[in-house]
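Two complexes come next, and they have one chain in common, chain A, joined by chain B in the first and chain C in the second.
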Partner chain A sequence: MEGADAVEAVVDRCLSRLFALEEDIGGYRREFSEREDLLGTHLLLRALHLAVADAQRTLIEELRALPPPSESRRRDLTLRLIQRIASTVERMVGQRLDFIAQPHGREFDPIADAYTRLARTLADETDETEVIFRPSEPSRYALSSSLLDALAESLRGRGSRVANELKSMPTLVVLRYPAADEANVMQHLLVGHELAHLALRRRDGDGRTLSARLLEPSYDSWKRGEAAENMSEEDRGHVFDRAYNWFLELACDHLGMLMVGPAFFVALGEHSALRPSFHAPSSDEYKTHPHTAWRLGLLGQALEELLPTLGEDEGDGDRWSSVRSVIEASRASIPAWEDRVPDNERKIVEGGMDALRSQAHSILGTARYTNLARDLGLVWDKLDSGMVPAERVCDRTSSTEGGSGHWQRGTRWSDPVDWRSIINVGYFRWLSTNRTWPEARLEDWRAADNERRKYVALLRGSVELSEFQREAHELAEQLLSLDLRSRESNALG
Partner chain B sequence: MHERETRGDRYENYALFASLALRLFDTLRADSARPGSRDRDGGALEPLRDLLNGSRNRAIRVSNASEELVPARAQGPEDELADYDLLLRLNHSLHSPTEVRGWVDTAVDVLVRLEQSGWSHLGGTEAQFVEDELEPFLEELAQLDPDYGTEELDEPEPLRS
Partner chain C sequence: MLSGDAIARALTDHTTGLAITPLLDADQQIGATSVDLRLGPDLILTSRATGATSFDPADAEEFLARREAAQQYIRRPLGSSIYLHPGEFAIARTLEFLTVPSTMSGEALGRSSWGRLGLIIATATLVEPGFRGTITLELTNVATVPIVLYVGMRIAQIVLFRVEA
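Showing the complex of A and B:
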């Protein structure tokens, strides 16, 4: 049985751990007070502050209601609970503070808002979503689950009113990207894959995720077949786990490419080709992700359906030929995958992918990229001329040329270019004109690398400029809707 | 064990809810709870039911059973697998999907009847099941050491010398 002093010591330790968290939260709030762009981070800090304050209050209430020493079992259970609450909050809050310790840098900034807009259209319609971008090691991309769900669940399970406040906040997720590639907007097309996970996490009325709904009919059909009949439950479980995991990744590749454009295929190829697993002879060691060659092989097939829908057969034949030649060169370097994928998993996944393809457009909605045909020539020509491909000039001459200019409300002289067009066309153009550099002399290698960095910087700046213009148009429309001129004349009258 | 999603958070919560449930059962046995405390601690049993139902869904999925999946808060099949693995790890009397389905059905039934009675008492066969089956499981669950995982673009490469 614990004495009063011992109990007090336990509670003091728990409370001091929570006070330390409170100080850390305050420190981050001060540190990021100037970064208004970090909306997700500020929301997260507010939620964490609420959770810690609630835990402090709960601990004090539990201490006040602590059963007397004569009820040793319940007193012991309550003390254990106090410690568990403190450790749960400490772990969950501490982990989330770790996520935001290093915010995305200046060079990632031009695309951060663009990807966040995509995320908002992909997640559950009843939900708002904020993405916290985090540069991290090692060189891989990853998306966390919702940062607040588990915290809210924890509070709800112990009857806290703060749970509802957390539930009413936007969905917050952390998206990790390779810190070493901070500036590489071409490589960051792979963010599209991570955002696609948000779409597959949507739930139906029964609480089933979209990914499960897409795959389950195919799995059920396989389960009724001969191959599954002769398998133990354990083996059947292994097949399902791998098929489900692989389907998730292949589905995200497919949706990611539809979302950010066909250069996603090239980005994944470049990313994967450097990994030892690119030439692995089989999928046997793979649990969570399918063989890279399979991923690229399926994407290559999907491109054959995608390119005509993006306008490959319409005009600008030379540019499209260049795009096609880059894609063909990429496809030619993919190892054969057909013999590296086990039959059972492959059969299940293919059924799921058929279901996904038939619903892909409705899943993505307005997040789907469709502007390649419109922007291909424009962006390519501007880059050829050394111009920033950020805007499309709508009309170079006034309709009343020679006379006094007639101003018409709402007339636009230029439109921002879709940021995905800038990166897609820029990526294809770079590869179609710079594919011979590995054969250059040794001293040219570094120079080639520098050239690519400068080129990517031009694309990055172009995206930033087009985003500025898009925001300016949005602000202008908001101001016009306020009808300031008539308000002004009313005020003067 | 599955290494994706925020499984660590789920396990952390399960440990917390197990601690609350243990106190609730003790309170019901002593029949001395203050007003309100039963409802507060009883809130932990709902997410624990989700753990059980997620495990049951997993068991149905890999067996030839034609039973319906039960809606649970799990993100998807990967979380149901994590729940199933957890149940097998902590309840040493369960070894197969069939055993999991049977045990979970009884456990969920007991929890639902307790909740429907307004936490009025713990007696009879329910008390026996709680004492013999649920509490040992919850004691183990309350000691869980969580971990953390995320969804990644590609699988970590094995270390190569």
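Showing the complex of A and C:
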């Protein structure tokens, strides 16, 4: 009897832990039931529910097949298996619940869908990627993927049918951003860097990642050189590991900037300049990340190639001059980096970056940002006039430019402005017109901070409106099927 | 008062300083003398049973606490529905952001078709010259059955006037 009681107690404990998890999942499902925008969260909760239900079923099946007390060894093994299943599921589900405990707030909302669209364009499974945006600790942007993969693998290990179901779900990634800067859409351009990781993780038929394919030829070439010959295999491995980590970050900077626009460079500059390590020649963080000055230095060089392709030489000279002057001022404040990068790693990374640059357009495809020249004057002018730069009125003109009122009923009124144009132009305009602040008196700083918050809010609202318009165009058919327009016109006259 | 054509001309001429953004369907929205405005995605719903006996502005602390307890912020995507039950009150805002130049003023009104259903759309109706922002709508269902509102639906309208010095 004593043995049977002990078994019962173990199984009870395990089942209770799983029931508690189930309750947590149910709680989150209720809490987020009206947040239709949290697609990734709903998906993850469904997957976790499946995993817990599967564990409960397995536990009960194992319990039914529990060998009699006379076969104590087999009985012990089964009990240990039951405990292991409960512990593994509890740990894995618990970790994943943490990702959704705090959803992104309303101030991040206007850009959440825009970045999710970019993620879908970049990832392996087109249109099968969902992003969970998670407010996180200060100063940190980070991407975690394979949320379901590890869970599915663990289930597969014990032959569960649910594993295949999890595998067939869309890829789920968690993107962390600094919670304290939730509202700062200008700084959130750095999300572009994190999304670029998705592109570099794409695998070819042999299972090699794109990042490895880009860097390995350069490493092989370095390995045949004099510097590598005098090194042990182990030391060469260390050099490669570090070069690979650094290359990943530098490549993501490059792709991120092509994806979200040149203001990425100033966003990274502003973000990094606040860190104590910015001016330090070395720091622990540079073991996994290249020195920030190097990152900015390379981006600055890349901008020299990028700006002409974005139309710097075509029209709107004054605006472009302002953009250029912001970039020049930013570049001038980057600390010297050439002496801070070890030669071996630098050589390998530079080879990889050459390969990346030659393939960047095909890697990014339609995710690349190209509308700066088209939108620069429009967004700048609207901001100057106190208007939200969210839409491009098709027949917008000026009475001083030969009349107005070309619009005819039945023709298109306007198009939404690319959200990246709103943030890029807004960012450059802000920096080009507000750079005297550091010389202001102390009491002016608070006012300056408030001014910036208000300005960022205007940009955020503009992005929100342009996204609404884009969505309205996209959903036109669905809105009609909801009978929205005829409901209005028929029922309301 | 500006006619619809005059409003369209003013909106397409960037030197006037007038903007109503975005106009999702200008054909529908620009009327003979007005522009229809749509329901935006943010609403503050006031619960019917709050436990509060009164909102007394003289008791500032209690007033704020009670108001906060009674009001719930919600945000809904384009095209989604919101039920406004009989007697229920909600604060909403227009989808469109308005920039009104110093030479114009406006008046925001509910659309009469909603009024006939029992939806009162009271707004701070005068839109002053130089106004920038969305227009706040105070919605009350005074009918006896729920009214379903859709985010993005045309709910109010604005008429514009020239201001003379």
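Simple rule for what comes next: the second predicted complex is superposed on the first by the 439 of 493 C-alpha atoms of A that agree within 3 Å, B and C clash if a C-alpha of one lies under 4 Å from a C-alpha of the other, contacts with A are read in each partner's own complex, and residues count from 1 in each chain.
Quick note on the criterion: a contact is a pair of C-beta atoms (placed from the backbone, for glycine too) under 8 Å apart; a residue touches a chain by one contact, two chains touch by 3 or more.
Predicted model only: the values in this text are computed from it and were never measured.
In the superposition on chain A, contact is made by A:P416 with chain C only, not with chain B. Once the two complexes are overlaid on the shared chain, A:H193 sits against chain B while remaining clear of chain C.
In the superposed model, A:T88 makes contact with chain B only, not with chain C.
More residues of chain A lie in contact with B than with the other chain of the pair chain B and chain C.
By the touch criterion defined above, A:Y141 lies against chain B but remains apart from chain C after alignment on the C-alpha atoms of chain A. When the two complexes are overlaid on their common chain A, residue A:Q469 makes contact with chain C while staying clear of chain B. Using the contact criterion defined above for the overlaid structures, shared-chain residue A:R201 touches chain B, although it does not reach chain C.
In the superposition on chain A, A:A51 makes contact with neither chain B nor chain C.
Residue ranges on chain C touching chain A, taken from their complex, read 5, 8-9, 11-17, 19, 21-28, 41-42, 74-80, 95, 97, 99, 111, 113-114, 117, 132, 150, 152-154.
Those residues of chain B that touch chain A in the complex are listed here as 2-6, 8-10, 12-13, 15-17, 19-20, 22-23, 26-27, 30, 34, 37, 39-41, 43-44, 46-47, 58, 61-64, 69, 71-73, 75-78, 81, 96-97, 142, 146, 148, 150-158, 160. Listing the residues of chain A that touch chain B in their complex gives 65, 71, 73-74, 77-78, 80-81, 84-85, 88, 91-92, 95, 140-145, 149-151, 153-154, 156-159, 174, 176, 190, 193-194, 197, 201, 206-209, 211-212, 219, 223, 233-234, 236-237, 240-241, 244-245, 248, 271-272, 275-277, 285-289, 292. Residue ranges on chain A touching chain C, taken from their complex, read 34, 36-37, 106, 109, 381-382, 385-388, 390-391, 393, 395-400, 404-407, 409-410, 413-414, 416, 461, 465-466, 468-469, 471-472, 475, 478-479, 482, 484-485, 487-488, 491-493.
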